[in-house]
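Labels run A, B, C, D and E following the written order; every chain starts at residue 1.
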Amino acid sequence: QNKTATTKKTKKLKKVTVVLDWTPNTNHTGLFVAKEKGYFKEQGLDVDIISPGETGADQLVASGKADFGVSYQESITQARVQNVPIVSIAAIIQHNTSGFASPVKKGIKSPKDFVGKTYGGWGSPVEKAILKSLMSEENANVNKLNIVNMGDADFFTAVKRDIDFAWIYQGWTGIQAELRGEKLNMIYLTDYSKKLDYYTPVLATNEKMISKNPKIVKAFVAAASKGYNFAIENPKEAASILIKDNPDLDKKLVEKSQEWLASKYKDDADRWGEQKLSVWKNYADFLAENKLLEGNFKPKEAFTNDFLPAK
Amino acid sequence: MKSKNIKGWQPIVVILLFLICWQLSIKIWRIESWLLPGPIAIFKEGMRSTDSLLPHISSTIQLTIIGLLIGSLLGFLIAFLLHLIPGVREAFYPLLILSQNVPIIVLAPLLIIWFGFGVLPKLIIISLVCFFPVTVSALDGFRQTPSELINYMKMAGASKSQVFWKVELPFSLPSIFSGLKISATYSVMGAVISEWLGAKSGIGVYMTLASSSFRTDRVFVSIFIIMFLSMLFFFLIVVIERFTVKWKVKGVKRK
Amino acid sequence: MTLQVEQLSMSYSGHQVLDNISLYVNEGEFVSILGPSGSGKSTLFHLIGGLVKPDSGEVKLNGSIINGELGHVSFMPQDHSLLPWRTVLKNIVLSQELKHKPDEKLARDWLKRTGLENYENAYPHELSGGMKQRVSFLRSLLAPQSFMCMDEPFSALDEFTRLEMQQWLLSIWEEQRRSILLVTHNIDEALLMSDRIYLFSDKPAKIKEEIIVPFPRPRKKELLLSDEFTEYKRKIYLALEKE
Amino acid sequence: MKSKNIKGWQPIVVILLFLICWQLSIKIWRIESWLLPGPIAIFKEGMRSTDSLLPHISSTIQLTIIGLLIGSLLGFLIAFLLHLIPGVREAFYPLLILSQNVPIIVLAPLLIIWFGFGVLPKLIIISLVCFFPVTVSALDGFRQTPSELINYMKMAGASKSQVFWKVELPFSLPSIFSGLKISATYSVMGAVISEWLGAKSGIGVYMTLASSSFRTDRVFVSIFIIMFLSMLFFFLIVVIERFTVKWKVKGVKRK
Amino acid sequence: MTLQVEQLSMSYSGHQVLDNISLYVNEGEFVSILGPSGSGKSTLFHLIGGLVKPDSGEVKLNGSIINGELGHVSFMPQDHSLLPWRTVLKNIVLSQELKHKPDEKLARDWLKRTGLENYENAYPHELSGGMKQRVSFLRSLLAPQSFMCMDEPFSALDEFTRLEMQQWLLSIWEEQRRSILLVTHNIDEALLMSDRIYLFSDKPAKIKEEIIVPFPRPRKKELLLSDEFTEYKRKIYLALEKE
């Protein structure tokens, strides 16, 4: 009886795809919860979650090949400047949880300690600008920092050798370090510059979806919001749902990360997913100041809160 | 017979030796297991996760076989056309080289946008990897056919296609197999890479998941599987070669 | 089938090889060419077979020009040119295969007659030099074309096998009335088999002399010992001797 | 002479045609430029950024040349050893195949740990990419040397190494060049990939930066450069082949 | 250099090819082998050269067993086996190169004598059949080993070139007193050149007869026409004729 009811429903379900930014992790928990708990179905959606590996989601979302995707404010800012029609529809995590991490024994406690050290990054000019702004807060000179391109190497590998510190997400790599019992010094971006408190990651869609299928967007965000709220309240269960869907993930890491993230999804906002114009504007201004924005960025068009469920 | 049996064991012995060295150096230099786990740990992890691995393995194998088939047929077909149609060879050869130099990270989004998340874009990537060695080797094989054999056939009135099927193709079989061996070796990695464009299962998926959750042991389990599979495909080609090119002068080289 | 070669000249990268060669082979005629090594006999055959085009002159088969046209004659090359990946039997039927379904029974028959019945499934590399030559000989014998060009077909055979093969060739020729052009270094062979003999000079090859062989057919082995034969032999010998 | 000149133009014509089709289909299907820019836009961007590109190009070229050299020498050396030392061939061949199946994402961290961020790990990666085709083709070439030539040499009293240098090597040169062509084609991509493990400059670096700031046109500029470079290396090998294997029977095949 | 072959037997995958062959070549002796095509003459040479090992029996050079030992004799193979990527000159000096610095002047001298002076820098594929054979002949002639095994060295040559080559071979042999073992299908050649002749039977090869040739040396062309010569010729002919 239950079965027939669901099949009947599936007939009417609208198929949508959501592309993750990378392999599934705790940033995505809400989506998996919404799928597993049937929140998407309640909204009449049949959601296909795809992880694209190296490709990233932005181009797929922008082109309409995927309906939704997981992206970052940094990407969307750069993308929109190049006329890529991608729009952020919800902030997955309210504040920037990334920062510069280093093993405790390197003695890097604040940006001024960067002097004379080696930073491992991926060679982007944005990194240098960010480091510069952090260091200038403490009157340190960025030119005394050695910046090395470490490409695809992961954090733990890199700091074993020539690298002293690198840029990580606390909620994943930081948690992994805790699990390994490695003490890290973490310098959060948000602690030094409000401009760098950008949204990372976010849910995104393309402009066409917004103009042509606002109902679907609304439904999707509603279900996702419900999923993330569930994860906020029941981190344990949410973690087990993520693991159930991705059995090859490391269980301990997911559980611990989930626990840590539970309070960060919504944080101080009055509802999950809320985005502020100032945040979008600040980051773009920061880039512009550093001459890293090749074009015009209109912060208002880059995001919308319109599809978030009412408070 | 006897000496053949012994030969079959040689590579296994070498590999075992290699693994032992590996295990020992891990012990001696105290390399941490998240950096480079020892073969024993890898083996244990492999045993533990056999169940969850099997579907991944079978999906990668399917992808590889189909891709390798398409790729090598395509490679042969291209070689065939470039060889038989006069003038085309010089004109299109550069395009082949170009095809090998489109980075996957650029190709991937385009392929997905054009062909969706299905199996097609993945097969395209594997084929792209596999066709090239076959084409190059086949073309070189065709070109090296002894001219006296071709001359005889021509004088006997063979058409261009008869010369091809009866002389050039049989003559270049060893060369083609040489290309096929290279392709077979690359095919599994090709499949793994292709799985990065949004697959639900496969060794590639398993490996990236393992890697992103810092499970180095599982990453190495995947590598072992990839290696094993590509050896398998390689030796499959070798076996097929043995049965196809069976006229090869063996007796005379006995000393 | 009649062949006419008219004022053929040919050179390889500056070296002239054939200088104004004219010769003919009538319907059902057996003609031999004798000439020094490296004079250009095989080159002439390549021209007749259409593999290369002459610098000047014409090759005519039954009156129509076949300069550079392939496939009109059955050709037995000087090196055996057997396909190494085919068994003896499959090599023999190759020339038929090109035109129609091969007649393997006939090929087996011939293998038997030439003493190769046990080698039907052997690969060329398992054969002795003379055996390879015989296989190549059979291949051209069974070819569908009725004009045959044979380039030293029996050079690797002992006297007896050679005589036997010559007999086979003669019998086939008499039976099917093919036209045959044969290159040989063996004066006996030329005299025993041909209606006419062309003598080639050294490079560049010219036709030095044309000799009409008067012996009646069928010719028996005994002919070899007759005075008339020796007479002709001496004549050719002297004509070939370098000036 | 004349016909050769014409031949040289054929591939260029084909490539031009291809570019024209590309430009047209961009127009017709209105493909947005952030997804797939047209060749003209790419060319313009390439012109604009020539100055900033040159150091990247020259650093990649250096890396490629050294890597290709090391890789092909290594490939040849391995083939040489496997061929000449009896029994070693069977034993070590599988290891070669394995070497082609260690994904870069796994190898990279290890290489970095062991060799740092310098040029050495990059050269290791390029060599790893380049040696394999050379080894496989060379081994297959050695094996196909006509046995009558080897037999003659043996009977004449040639030592194993004389047989190798005077017969097997010259005979398999065409085959080795076939492998070298494949290697040359892969070498540039190998260099680009290797740059992803931390380089200060290079096409690979330029491309990832372009890609992360959604400058698809610049990404394609890099691809064009990669393609151009690999064609260059390929034809370099072809030219060397022409000069080395100049005995090849050409005259006879004239028809 | 003396060669002794003692009770050699050999079979290829079941087929017996040589059956208990014993023969010898004394210091400075010139010995020929005559036998039907496919009987096993080349196989015998491969055994003497050490390329294959006999099933039973021994090959002795100067008294020491050289079964399966390579490099003791200078060998001229039946197929020319020239290296296609070497010019004529480089092919000729190949056999010397293996042991010491090649003497290119000597090689050029010989090219001149054998009428190949213009082909020094030609590649094998540019030569005619007979020219390739001559190059291969020169290569073995210039080899440092003093025992020579030649497998039908003149089969692709016309009578005159053949006679000339025979004279060169004899002169070299007389001058350097090498020991020579020659396979040929030409009875005249065997009689003209050798001290002794072995006649081989058909498969499996046995020694049918050993003929000592009594003609004094140096032998002139005229010998060919003498009655004694014809007598011997007939004798060998009859002995070879199949039973």
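Methods note: contacts are C-beta pairs under 8 Å (C-beta built on N, C-alpha and C of every residue); 3 or more make two chains touch, one makes a residue touch a chain.
Everything quoted here is computed from the prediction, not taken from an experiment.
With steps allowed only between chains in touch, the distance from chain D over to chain E comes to 1.
Taking the mean Cα position of each chain as its centre, A sits at the greatest distance from chain C.
Comparing the CA-atom centres of all chains against that of chain E, the greatest distance is found for A.
Averaged Cα coordinates give chain B a centre that lies 17 Å from the centre of chain D. We define each chain's centre as the mean of its Cα atoms; on that basis chain A and chain C are separated by 84 Å. Taking the mean of the C-alpha atoms as each chain's centre, chain A and chain B sit 37 Å apart. Residues of chain D in contact with two or more other chains: 35, 105, 109, 113, 147-148, 151, 154, 249, 251-252, 255.
The set of chain E residues that touch two or more partner chains comprises 12, 51, 79, 125-126.
Looking at chain A, residues 59, 63, 154, 157, 160 sit in touch with two or more other chains. Those residues of chain D lying in contact with chain B across their complex are 7, 10-11, 13-15, 18, 35-36, 87, 90-95, 97-98, 100-103, 105-106, 109-110, 113, 132-133, 136-137, 140, 143-144, 146-148, 150-151, 154, 174-175, 177-178, 181-182, 185-186, 188-189, 192, 207, 211, 219-220, 223, 226-227, 230-231, 234, 249, 252-253, 255. Across the complex, chain C is touched by residues 12, 15, 34-43, 78-79, 115, 118, 126-131, 134, 151-152, 155-162, 185, 187, 237, 240-242 of chain E. Contact residues on chain D toward chain E in their complex (touch as defined above): 148-149, 151-159, 162, 166-167, 170-171, 173, 245, 247, 249, 251-252. Residues 17, 19, 22-25, 50-56, 59-60, 63, 65, 154, 156-157, 160, 176, 180, 246-250, 253-254 of chain A are the ones touching chain B in the complex. The touching residues of chain D, when paired with chain A in their complex, are 32-35, 104-105, 108-109, 112-113, 116-117, 195-200, 205, 208-209, 212-216.
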